[in-house]
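So, here's a batch of structures to check.
Look at the two complexes coming up: chain A is in both, with chain B in one and chain C in the other.
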Partner chain A sequence: MTLFFQLIVSGLGFGAVYALGAISLTVIFNTSNVVNFASASLSSAVALLMWLALVRLHLSVVLAWLFALVAAMVIGAVVEAAFLRRVERSSLIVQIVMTLGLLVAIEGLDGALYGFNPKTLPHVIHGPSIAIGSVFLDRNDAFILGLTLVLTLVLYLVYQRTRLGLALRAVASDRDVASLMGIQTQRMVSLSWAIGVLLAGVSAILIAPSISLTPTFMENVAVFAFAAAVLGGFGSLPGALVGGLLIGVMSNLISGYLSNNLQLTFVFLMILLVLYIRPNGLFGKRVMSRQ
Partner chain B sequence: MMPNPLSRLRKGHMARRGGLAVGFLAFALAPIFVGSNVTTMGILTEAVIYALVVVSLNLLVGFAGLVSIGQAGFLAVGAYAAGYSANHLHLALPLELLLSGILAGLVGFILGLPSGRLRGHYLVIITLGFGLAVPQIALEATDITNGFTGLSISNTQFGPIVMNSPRAMYYFAFVVVAISMMLILLALASKSGRAIMAVRDSEAAALAMGIPVARTKVIVFTLSAFFCGIAGDLFAHFEGLVTPADFTLALSLFFLAAVIVGGLGSVGGSIVGALVLVYVQTRSASVGGYSEFIIGAAVVVVLMLFPEGLASIPALLGRRLHLTRGVAELPGPDAVEPGEVSSIIAGADPGEHQGGVNA
Partner chain C sequence: MLELDGVSLSFGGVRAVNNLSFEIPDGQITALIGPNGAGKTSILNVISRFYTPQHGRVTFDGKDLLQLPPSEIIDVGIARSFQNVALFKDLSVVDNLKIGTDHRSSAGLFSNMFRLPRAVKHERDARREAEEVLEFLDIEAIAERRSGTLSYGHQKLVDLGRALVSRPKLLLLDEPAAGTSEGLKAWLATKIKEIPERFGCAVLLIDHDMLLVLGVSQKVVVVDFGSKIAQGTPDEIRQDRRVIAAYLGEES
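This part shows the complex of A and B:
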């Protein structure tokens, strides 16, 4: 039984990372109606910039974080303005393929710039694990979990309690009406891409020390984030958070009891099952499609 | 819009048939022109095999409007079936090819079941998960796949004919791919083929015409996977070794890029796309990242140039020259601008509009 609880607790760190990824996808999807399949390459790029700042340029930790976060927001806004805006009114398939093209191109660009050999990024927090009864929580995992919860809460409050959040939600619910109400919809979409890539970038920086850092290292992580967003119904922030933690814990249980190699398979089967039973996700609302 | 769609369709048909015949001859005679050294034959063989994969993917993306980024998964199923047969079952080559196709088709059928009910991006996520899961399953199912080491295929033999030279291997792949392409073209020209395109153009309209939309999508998935499985079988014979590391997400994305660059809904374009893909890969294989960058950027550029629909360069050129009929103009959900609606309303009832101004 201790193993069971230990697996649950040690799945929370990765779960929080998946949750951040899912929230990133949700924030972008809500305003722009685009599922950002380029997320894996964008977040890898941010983690590589962090490596550049920290390991290559020897910046202080605070400065390196600042550099990486600002870069993430700029990357998000630029990608939206330069590429996604061009296909804003195009069909869904064009938008999907655009993000997939960006995924390949950005990974290739990073590969050409940094090479594909793995790099190491240091853990943010060091120290002994925290004992909770008979199970242990890794200190770095605890930090990731805490940061994720704080970021989600802040984001949730911004969305629910501020005028900016109101504008973002208005754009999410109906872009044309929001525009008629005097909201700068374009700016809101840019902002959501900036926030989205910021969150995905943070998730990449947090998880990079646990796995090797390469231009493609977030691909597998992104699958779990997509799964988390699907579970959460692609739209709600709390849904994405719960979805991410659930996926993290369950895949860790699979890894512990069955095999490390079957995590992805399990997640794939779960998405397949969830979507087969509830095509709009576990927590998603039913939407009628016009096409 | 089109003055005489029927005659235009026929004309397109003739031109396309001509184009395909020229392509067929070009591939059949290629070893004479480009020489038959090992490297060139290898590149050509790979191109022919990839062409079948890209066409099979185009069935999904171009003809049915279903985006898949898990095509390498089907390729893997076919390749492992070939490897397993070569090591354990020792089936005759045609039977083995059929087995690979059927196994992959079965997987495609299962994967296609939920696709009838899903919106576009959910389907992409499912195929993404599928494509990444297959190599992991292959790593785990060591009894069948021999895990990390993979399965090796020592010889390719059809009756008394042994494909032991690069040129023989090329012709073997060429014949199988040519037959498969012919079957695909026949399927597309059939009633189900037209149903597939009707579903792509408008699900609501297709439904109204009595086309079973969900079933049609499952059929496309099964067909696409079947032919991709056959390509996988060829891939296994060509490579001589099948390992889980062969079937990456990058490979699936490359196939999709070839579909986009070659043109949605164009069989000839897909073949060209596969050639371009193999060319870029071999030219920049030594330099890390460049082939990915070029291929990804090509997709982005095509979309930037043609954001309205994925008619793409060859198809657009063809339409300008009246060679092919219009393909793959997929209207988005926001095809009608808000301004248009208001002008339509204003136009429909000018009296009320004027009244409003006067008041």
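This part shows the complex of A and C:
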């Protein structure tokens, strides 16, 4: 039984990272209606910029974080303005190809800039594990989990309690009507891309020390993040959080009891089962197609 | 206050509005009536800038409206309700109304994010104004309901409320009573009558329910096939032979 609980607890760190990725996808999807397949490359790019600041430019940890976070928001806004805005009225397939194209292009660009050999980014927090009864929670995992919960809470409060959040929710609900109400919808879409890439970037910086940092290292993580967003009901913030944590825990249980290689298979089998029972995901209120 | 001068609008070869001129006076209810397909909603869409007419001028308080994009119409003081209800279905009733007050705020988005005093004040004002309008329309009880779950009649009222809460100088109502029950229609007529005085605005009302229109308006403009066929007080319109022929005759 101890093994069971230990596997649950040590799945939470990765789960929080999947949750951040899923929340990033949700924030972007809600306002712009775009499923951001470029997420993996954008978040890798942010982690590589962090590495550049920390390892190459020898900036202090605080400055390096600041640099990476500001860069993430700029990247998000620029990618939206330069590429997605051109296709915002195009068909779904055009938008999918656009974000897939960006995925490959940005990974290639990063490869050219930094090379494809793995780099290491230091853990944010060091120290002994935290004992909870008979199981142990890695200190870095605890930090990742805590930060994710705080970020989700802040985001949730901004969405629910502020005028900016109301404007974002209005754009998510109906962009044309929002524009009629005098809301600057374009600015809301830019902002959601900035926030989205920021969150994805944070997830990449947090997970990079546990796996090797390359221009493509977030691809596997992004697959789980997509799964988490769908499991939670694409479009729901609490759903993305719960979906991410569930998938982190489930995949850890599978690799603990069965095999590392079966992780992906079993996680997706479970998702298929959940979606068979609840086609709109755990927290989904509506079907995904809007127009 | 609002003036249309020789406005013509065509879609391909179809002429929806034909050399139309009329004026909406301050503080009054002006009705635009005509049979289905007469071009009423097209005229409303010209005023709210969804459509750009090929000919003619539209001025509001001396400003050329045709220079403005649709998103700035609310800033000059024109708000509208929609024939087919265009609410944010995922948001609560009170949130839908609060968005109606949004364009008037001077507090920037980011000061709002940190909930600075001005933004807090705005939030409180928005809430209070939304509640006033909810009370006027007698729908306080559904303030927290998600608007997508409401009955059609309630949705029409929320749509009207959202336009009212923006404190417009001119309120455009596109068939506010269409598809609602007879009881609600009669009640709505008394409410619409109160709007100019209570909210200090002019109203342009579109409907084909003659009883509603002639009962509440001070001025009536009758259109058919996109052209104006008559204009006058409700009493004059009741007597007008062309109106009776083109419209009343065919309705009864």
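By our rule, the second predicted complex is superposed on the first by the 277 of 291 C-alpha atoms of A that agree within 3 Å, B and C clash if a C-alpha of one lies under 4 Å from a C-alpha of the other, contacts with A are read in each partner's own complex, and residues count from 1 in each chain.
The definition used in the following text is that contacts are C-beta pairs under 8 Å (C-beta built on N, C-alpha and C of every residue); 3 or more make two chains touch, one makes a residue touch a chain.
Predicted model, so just to flag it, every value in this text is computed and none were measured.
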Partner chain(s) touched by A:Gly108 [first = chain B, second = chain C, both, neither]: first
Touching partner for A:Leu57 - first (chain B), second (chain C), both, neither: neither
Winner by number of chain A residues touched, once chain B and chain C are compared: B
First, second, both or neither for A:Ala167, with chain B first and chain C second: second
Partner chain in contact with A:Glu219 - chain B first, chain C second, else both or neither: first
First (chain B), second (chain C), both or neither touched by A:Met98: first
Touching partner for A:Val158 - first (chain B), second (chain C), both, neither: second
First, second, both or neither for A:Ile183, with chain B first and chain C second: second
Chain B and chain C footprints on chain A, overlapping residues: 176
Residue numbers on chain B that touch chain A, as the complex places them: 61, 65, 67, 69, 111, 113-114, 117-122, 124-126, 128-130, 132-133, 136-137, 139-140, 202-204, 249-250, 253-254, 256-257, 260, 287-300, 303-304, 307-310, 330-335, 338
Interfacial residue positions of chain A with respect to chain B in the complex: 35, 37, 83, 86-87, 89-94, 96-98, 100-113, 115-116, 176, 215-216, 219-220, 223, 226-227, 230, 259, 261-265, 267-269, 271-272, 275-276, 279, 289-291
Sites on chain C touched by chain A in the complex: 48, 70-75, 86-91, 95, 98-100, 102-103, 105, 107, 109-110, 112-113, 115, 119, 122-123, 126, 162, 166
Touching residues on chain A, where the partner in the complex is chain C: 158, 161-164, 166-167, 169-170, 172-174, 176-184, 187, 285-286
